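Chain naming follows the written order as A, B, C and D, and within any one chain the residues start at number 1.
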Amino acid sequence: MSTSKVTLPDVGIGDLLPRLKDQGYDTERVSRRRAWIEEKTGATLKHIGSVSFDTEELRGNIENPIGAAQVPMGVAGPVLVHGRHARGMFYIPMATSEGALIRSYERGMVALTRSGGVQTAILADENQIVPTFFFPDVATAAGFSGWIPKNIDAIRTAAETTTRHGKLTDVKCYQTGRQVLVNFGYNTADAQGMNMLVKATDHACKWIQANFPISSYFVFSGMCSEKRPSGFLLTRGKGKRVTAGALLTHEVLKMYLHCTAQELFDIWHSTVIGHLHANAIGYNAQYANGLTAIFIATGQDVANVVNASCGVTNFELQPEGLYVSLTLPALTVATVGGGTGLPTQREALTMMGCHGAGKAKKFAEIVAAAVLGGEISMGAAITTGEFVAAHEHYGRNRPK
Amino acid sequence: MSTSKVTLPDVGIGDLLPRLKDQGYDTERVSRRRAWIEEKTGATLKHIGSVSFDTEELRGNIENPIGAAQVPMGVAGPVLVHGRHARGMFYIPMATSEGALIRSYERGMVALTRSGGVQTAILADENQIVPTFFFPDVATAAGFSGWIPKNIDAIRTAAETTTRHGKLTDVKCYQTGRQVLVNFGYNTADAQGMNMLVKATDHACKWIQANFPISSYFVFSGMCSEKRPSGFLLTRGKGKRVTAGALLTHEVLKMYLHCTAQELFDIWHSTVIGHLHANAIGYNAQYANGLTAIFIATGQDVANVVNASCGVTNFELQPEGLYVSLTLPALTVATVGGGTGLPTQREALTMMGCHGAGKAKKFAEIVAAAVLGGEISMGAAITTGEFVAAHEHYGRNRPK
Amino acid sequence: MSTSKVTLPDVGIGDLLPRLKDQGYDTERVSRRRAWIEEKTGATLKHIGSVSFDTEELRGNIENPIGAAQVPMGVAGPVLVHGRHARGMFYIPMATSEGALIRSYERGMVALTRSGGVQTAILADENQIVPTFFFPDVATAAGFSGWIPKNIDAIRTAAETTTRHGKLTDVKCYQTGRQVLVNFGYNTADAQGMNMLVKATDHACKWIQANFPISSYFVFSGMCSEKRPSGFLLTRGKGKRVTAGALLTHEVLKMYLHCTAQELFDIWHSTVIGHLHANAIGYNAQYANGLTAIFIATGQDVANVVNASCGVTNFELQPEGLYVSLTLPALTVATVGGGTGLPTQREALTMMGCHGAGKAKKFAEIVAAAVLGGEISMGAAITTGEFVAAHEHYGRNRPK
Amino acid sequence: MSTSKVTLPDVGIGDLLPRLKDQGYDTERVSRRRAWIEEKTGATLKHIGSVSFDTEELRGNIENPIGAAQVPMGVAGPVLVHGRHARGMFYIPMATSEGALIRSYERGMVALTRSGGVQTAILADENQIVPTFFFPDVATAAGFSGWIPKNIDAIRTAAETTTRHGKLTDVKCYQTGRQVLVNFGYNTADAQGMNMLVKATDHACKWIQANFPISSYFVFSGMCSEKRPSGFLLTRGKGKRVTAGALLTHEVLKMYLHCTAQELFDIWHSTVIGHLHANAIGYNAQYANGLTAIFIATGQDVANVVNASCGVTNFELQPEGLYVSLTLPALTVATVGGGTGLPTQREALTMMGCHGAGKAKKFAEIVAAAVLGGEISMGAAITTGEFVAAHEHYGRNRPK
């Protein structure tokens, strides 16, 4: 073990984590690192070390590995989807430790299915990133803002030389003072795509730098709202923009959700007012619960839940019942790359026929339909008062 | 196996998940449910079924269990914390599948430690929920808005009869038209506390209903911003409001982050402009990455990352280097309840001496310090251009 | 005339405006300044010079005076108000150049009146300002955050020595990193109060600086959202927080607004979705139109329309018709000070019995009721298609 | 006088305003209406009645006219502008009743001029409106979202038949559930253009309705953010998107603003933090003050200040001094139509050579430069403490 130690008289010694051979992904080295941590911290890490697969598979997904978190996984469904890419009945793997969550989603999905299923549509499919360029003054920056649109073809060529799957689909300038934020949009096929985007865009930026006199640039400006909440996400989108909708009949409402269309609408109406007063981004009942559980189960980049949770749910009364829908403009999901190839995650994607190339749009539609199940079930639980009871019943693990 | 089948001529058959005895948490029944899903979907769920502990432990955390997701866990650190509750050197468990993430946080934490460590402080500790009450008109609602403050004591008594740990700390009315949103604040000790809050508040609402003529109420209005992004979170807060700050010296900046104080400040400055243009909530480099990885590892309610990611990072130049800080107003973390008692999660908390009662504030301070490591490392990687290279090197699992 | 001239070889000569004796408020000097501008710019300023009162009255309201803008003033109403402070039938002076605006508000006010009038209530009355204090590190700042609440009395004493009318009602700390934003709330009686606030707060800050070791402070942090749009305004408020509501009966809806309750509700519902997608602050049909016209007519600080326009309008179906309401959390209006004493402005306030001390709450309630008239009339015009026709008919001055 | 009276036993009598011949714009009829109000309210409206021009000129700008508000007008400047459309030295008419405002702007403008002037650029010029279309379900709406882009030419033809000046420049669909918000962008030349837009878009909607089976539509959805604050304005823009920037030299900073570049930067930095915590839209020192004063003086639709005040000001330290800039993405200004042709307003526009056709872009650039003067002067006043003193000195009209 080759730990480097630095003596800091004032603050004590902080031992660096051991740097092991080949970065230490084989079982023995993971084990040694875990033992090192156990010694340092006094913790016993038996379960963390109980990985059911060859730890070499962790390479590329994590550094300084010591094992795995085991997050409870359950299943909700079925949910019937009538999408452009997803068609049929699906069972949804969800990994969570929040009691009552799966029961709630399951109820919603069944209600949607019994009403005839959920229509879905992918409205856009474009991940994006916004590098920023600096100029000595406003006029020079304005010149650049005019130059970019004329050089899209060359910029595209530069970007796409770095990737086989990413396609540059859009470039748009947002000048602010003497700085120009340039929004690059890409189709990233079935990958979440941010690494691909960053690399391609950095290459494009270098081409730009070589062809227009700029002071400097950064490949990130924060404007892309990757893993952060922003109003921009609602209109610009990020990854899949997907919508899902269904007509809940009066009969299904009564039988499965124990409320009337009017009651469910009233909860929507009053909570919209709550969202407006909180200056929330969009409106939802609980996107994050469903998205997080599915993201963990299927090896998505879970931090993307922050952007994916920006959207708008709508409930509309009509004679036949309640039309319920949601729109997720920033659903950054993948069926290849990232954690999607890890053992349990690949299995979970396979449950929905969504592992591998050509499946991301299908997966996005299934996710949207599943999350819609949570929206209606949550709303119903509040209006009927079952919310408190359900958490009493299912969530027994909390401190009394 | 007692599945109920409903034949829907138009939409095909959607088999309900099997309802098993005692809800099916023992190993054999989890196994049967998994087999049922394998048969329905054609997937093989071998790794999902490889749970290292008794599946009865899943009860209260999930329904319809089929096993567990194994999420890669690594360690970053050390990070030296000078807090009010956390004091010393910590190693941080992080569960993620995003290559390069841990290496980036590790670098940042080491830089903070080598600069003398991170000061932290809990500024507030109050989770909240906002029921909403309905009245026939604006004047009656205004009467209620005036009545509530005079009856705080009785409301508190009603709320606290339902909980041993929750303390009602604040009640504030936000009238909007003829609806009155009433913000309840609670100290929830070491639990995340939402279930506790909902139950206590519902009880308080029933007392209110019995003592003031109201049309109706809902225990949720959405205003509390649980698991959703909102501006309200920044000022109202949710759970722990925590801040962390450190002075990075010129020498540490050069040696560990490969940039100057000015360069790191410049990236802050330019990305603040990006955030403003995106109408983001607050400003951060990548809170969600660190928070999500720690939340998964330690059994937090991961969906809370959405609210926890609303905060503000600040970088300030000064003669000795760069003062870096962050403020997380809505860090809803727990060391008891929820998923914190699950096997791998308890182990991860124990690594930081943070499992069990009396540890939540300590944990919140460690989280804030750890996340600050990510803020500076991310900024540095962008300014030096290492960001692209690091993802090339560590994140090898994406499609080429 | 004592103009100072500076020769700038590169950029030409920019003559400074003439500095006249006693700052030049008497008629002759205003005239000379106007003539100077006419000579410089070639414009004829005959009408601007046609002020109907002694120009010495402009002192304190403007510098470098050349006369007055004449903004068309009309009247809308009547609107019947059942408030806590305003009770009775009012005619509303509105100054605007937007054709059809007054006709639209008039229609709405009459509909409200014919439905039985508008209930109003002042829910809070507190203008605020947020100075910010700087500290060397997070821990010291946290000490300050704890020190402030213990010294409220002394801070109040310091603040109130500077003002006869302002009362310090609230002090609350928002620490962010090593900076502490301190929100001061004041009751400013019948004045808009910002000048009063700034002076009192600056005095309090000086007392704080003398009693706690702080690095420095600024009396403004921008957080108060004076004249800027923010989510904070919705919950914190600014000046008068006022609500207004009325039940529009089916008969009145049909006769005056030419639509049904359902149709008017549908326009609310669909435009809420539009607001959510735009990430708007709150929701309204057109607060700014009514507020601006009344603010100009009555000598308010018109720039405050920006904060005053942040609010929430709600429409709710009920058997008897449509309950319509609005809540304006940041209505910074005055009946003394600022432009309220100018000749035409004083006359306009007098039309509503709202000039002078003790009238600001009454005025705020009238404004809220009047603006509610615009909300319903605008909504109705869209649903019936009359919006286009009305602007064709009344707004004839635009380019064909 | 033909007033109609309605007796309402319960609520008293609310007399309708007199409907006079030809809507009552001639002097005698305006006088009669004013007398009617005087009688009703007991107010004397002498100054409101002192209009210096033929009241027939009010037709098209207002209904129920009783005269005019006289708003104090002063002049600030000079400001040297190096724009694409505005070039030269300008004096800015400002109508306000806020003491010290003009002196503050004047100081800023002179500082900018002495530093060599302000560069400006129009980055976009497109007003927009967002009708919304309703469909029975998500799938049908998705079909519509795909149909629209294929029919742009026919939609443009339909829209442009109604206007000689408006050009349809962009159509973009934002589907949300089963509702499709369609963003129409127009070049409106020198008019503010909303009336033109509404009429043209309504015509286009009728064409769409005749060619695609839609349930119904509304010409407004609120998404366009006309006269309301939203994040969408920052990226979508509204009217002129304009930027202005200048390098303030150390010498000018010291002489005119009494502070150093570092001090002025520090106030920017700390107030950005305040804006972020308030969840403000963008960042500014006081756009609304300058915009409102210029809008009133020049006959703009003053309510548009709400959207026009959404923008971002940036201060950047550099060796030679401080680079200051602002970006106003939603500056809806006009030099024809609306109130621009009224007597005092036309005179004010003429002072800047901005009255009539072909002048709107020039005017927008001048406005941006002038408002930048306020940004730096406000910042300087806070950092030096002169803010309190200036309001003491110039704003003497407030209650003591």
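By our rule, a contact is a pair of C-beta atoms (placed from the backbone, for glycine too) under 8 Å apart; a residue touches a chain by one contact, two chains touch by 3 or more.
Note that the structure is predicted; figures quoted are calculated from it, not measured.
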Quiz item: In the touch network of chains, how many steps separate subunit B from subunit D on the shortest route?
Solution: 1
Exercise. Check the residue numbers that subunit B and subunit C use where they touch, and answer same if over half are used by both copies, otherwise different.
Key: same
Quiz item: More contacting C-beta pairs: A-D or A-C?
Solution: A-D
Quiz item: In whole angstrom, what separates the CA-based centres of subunit C and subunit D?
Solution: 15
Quiz item: Where the CA atoms of subunit A average out and where those of subunit D average out, how many Å apart are those spots?
Solution: 38
Practice problem: Two or more other chains in contact with one residue: find those residues in subunit A. | Solution: 174, 176-177, 179, 230-232, 234-235, 272-273, 275, 277-279, 281, 283, 312, 314, 316
Exercise. Just say which it is for the chain contacts: an open line, a closed ring, a star, complete, or other.
Key: complete
Quiz item: Which subunit C residues qualify as touching subunit A in the complex?
Solution: 231, 234-235, 269, 272-273, 275-279, 281-283, 312, 314, 316
Quiz prompt | Residues of subunit C touching subunit B in the complex | solution = 82, 84, 119-121, 123, 137-139, 141-142, 145, 174-179, 230-232, 234-236, 243-245, 247, 279, 312, 314, 316, 323, 325-327
